[in-house]
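You will see chain A twice below: alongside chain B first, and alongside chain C after that.
Let's turn to the complex of A and B:
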């Protein structure tokens, strides 16, 4: 049994809306830097963070094409964290609330992100060394 | 005695609820708990020297440990020298270390 401590994060912010999303991802990155395992329970709008069909876009007003605009996509940030965790040999799990997914029609998620429900949040929190809930307000 | 870390993302100039949030922080400190605050996002704005927020300044005066996220400061072009004397600078590591230490970490 590994002695790696696991931290659970509950997050409900949709992508591309708020500075909270950036702070949240910085927290996950910092947790991996500290060697902590990470478990995320995404609910409400946050289930779209892992939506596989997110697309970068250009910015016609600024005369930049998609590559120049380099629009950040949260699905790519999640994939990067998954890879970082793999390279460090520590756990990184992500569960989306299934009801929230269905409401928004964002069933097509990137590999490594699962579907679950509130019991998974309970399990994550019960098994974690510590849990942080980031509310929308 | 418990250890608390509050992640303060809301600022007193646009969010009236910060009144109650700062009250809670102060009450826990008064009750003898070990309380620290990390200012993130717009939460860093009352830390700027010259910013007027009585409730925030009370926390500093009482001795509550307050740090400001250097990323949020940089985004807002607030230099370390622009901060009130009692405010230090930190990063997300502060949150993770508190969680790993078993402290109660609360998002505001």
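Let's turn to the complex of A and C:
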């Protein structure tokens, strides 16, 4: 049985709106660096972080086409963290609030991200070493 | 496990979601067997003295039919066994100190908040 600790994160910010989103992902990455398993409950706007139809775009102001611009997408960040966790042999789970998904129409999510509700957050928190909530401001 | 939900932001998405999302989350987790408390702080203390349903939003021909009912949501939480506290100092800073709190909402002095935190295994600050 592994003694790796698991941390739960509840997050509310959407992609492309707030520096909190980047900070949140850096925290997930740091947790994996320290060998902690990660469980995420994405609430409200955060459910769009895993939306599979996010598309990169070029940027005329930057004088770069789409390939050169290599625009960051949160779905790719999640996938990268999933891969990192796999390579380290530790857990990385992601559950979107289903009602929040429905009202935003972001049902098409990348592989490895599931659908759930507040009981899942309670379960995650109950089983975790600790929980960090990051609400919107 | 006991969790203290600290609600510091008031009226965040209450028009669009027709509730306060953290009150809703708390009520839903309570239904799943969660042991929770709520602390209204900062602008969140407005919920403690709220008496009326939110006014319905009207945009062109679209009219909201189910605006948020925060007093009902607070009352439901209290009735379900979730203690709800409001920081007295934050009420007074906002000129709300002389108003009656909703039934079941308990005032707590800021200097006593640490004791409230001590009662919880986890504190979730939203």
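Convention: the second predicted complex is superposed on the first by the 137 of 137 C-alpha atoms of A that agree within 3 Å, B and C clash if a C-alpha of one lies under 4 Å from a C-alpha of the other, contacts with A are read in each partner's own complex, and residues count from 1 in each chain.
By our rule, a contact is a pair of C-beta atoms (placed from the backbone, for glycine too) under 8 Å apart; a residue touches a chain by one contact, two chains touch by 3 or more.
Since the structure is predicted, the reported quantities are computational estimates derived from the model, not experimental observations.
J.: Given the superposition on chain A, are chain B and chain C in a clash or a fit?
T.: Fit - chain B and chain C, as placed by superposing on chain A, sit side by side.
J.: Using the superposition on chain A described above, determine whether A:118 touches chain B (first), chain C (second), both, or neither.
T.: A:118 sits against chain C, while chain B stays out of touch.
J.: Which angle, to the nearest 10 degrees, do you get at the Cα centre of chain A between the Cα centres of chain B and chain C?
T.: Apex at chain A; the opening toward chain B and chain C is 60 degrees.
J.: Quick one: classify A:43 as touching chain B (first), chain C (second), both or neither.
T.: second
J.: Is A:129 in contact with chain B, with chain C, with both, or with neither (first, second, both, neither)?
T.: Once the two structures are laid over each other on A, A:129 reaches chain B alone.
J.: After lining up the shared chain so the two structures overlap, which partner does A:87 touch, if you call chain B first and chain C second: first, second, both or neither?
T.: Neither partner.
J.: Is A:55 contacted by the first partner chain B, the second partner chain C, both or neither?
T.: neither
J.: Applying the touch criterion given at the start, work out whether A:23 contacts chain B, chain C, both or neither, answering first, second, both or neither.
T.: In the superposition, A:23 contacts chain B only.
J.: After the superposition on A, what does A:5 contact: first (chain B), second (chain C), both or neither?
T.: A:5 contacts chain B only, not chain C.
J.: Which partner does A:33 reach: the first (chain B), the second (chain C), both, or neither?
T.: Touch partner of A:33: chain B, not chain C.
J.: In the overlaid three-chain picture, find the nearest pair of C-alpha atoms across chain B and chain C and give that distance in Å.
T.: It comes out at 6 Å between the closest C-alpha atoms.
J.: Based on the A-chain superposition described above, do chain B and chain C contact any of the same residues on chain A, and if so which?
T.: The answer is residues 130, 133, 135, 137 of chain A.
J.: Which residues, counting only chain A, touch chain B once they are in their complex?
T.: 5, 7, 19-20, 23, 26-27, 29-31, 33-34, 36, 129-130, 132-135, 137
J.: Sort out for me which residues of chain B touch chain A in the complex.
T.: Of all residues in chain B, those touching chain A are 9, 17, 40-42, 69, 71, 91-93, 95-97, 99-100, 102-103, 105, 107.
J.: Along chain C, where are the residues that touch chain A in the complex?
T.: So the residues of chain C touching chain A come out as 1, 3, 9, 12-13, 17, 21-22, 25, 28-29, 32-34, 122, 124-126.
J.: Touching residues of chain A toward chain C in the complex: what are they?
T.: Touching chain C from chain A are residues 10, 12, 43-44, 117-119, 121-122, 125-126, 130-131, 133, 135-137.
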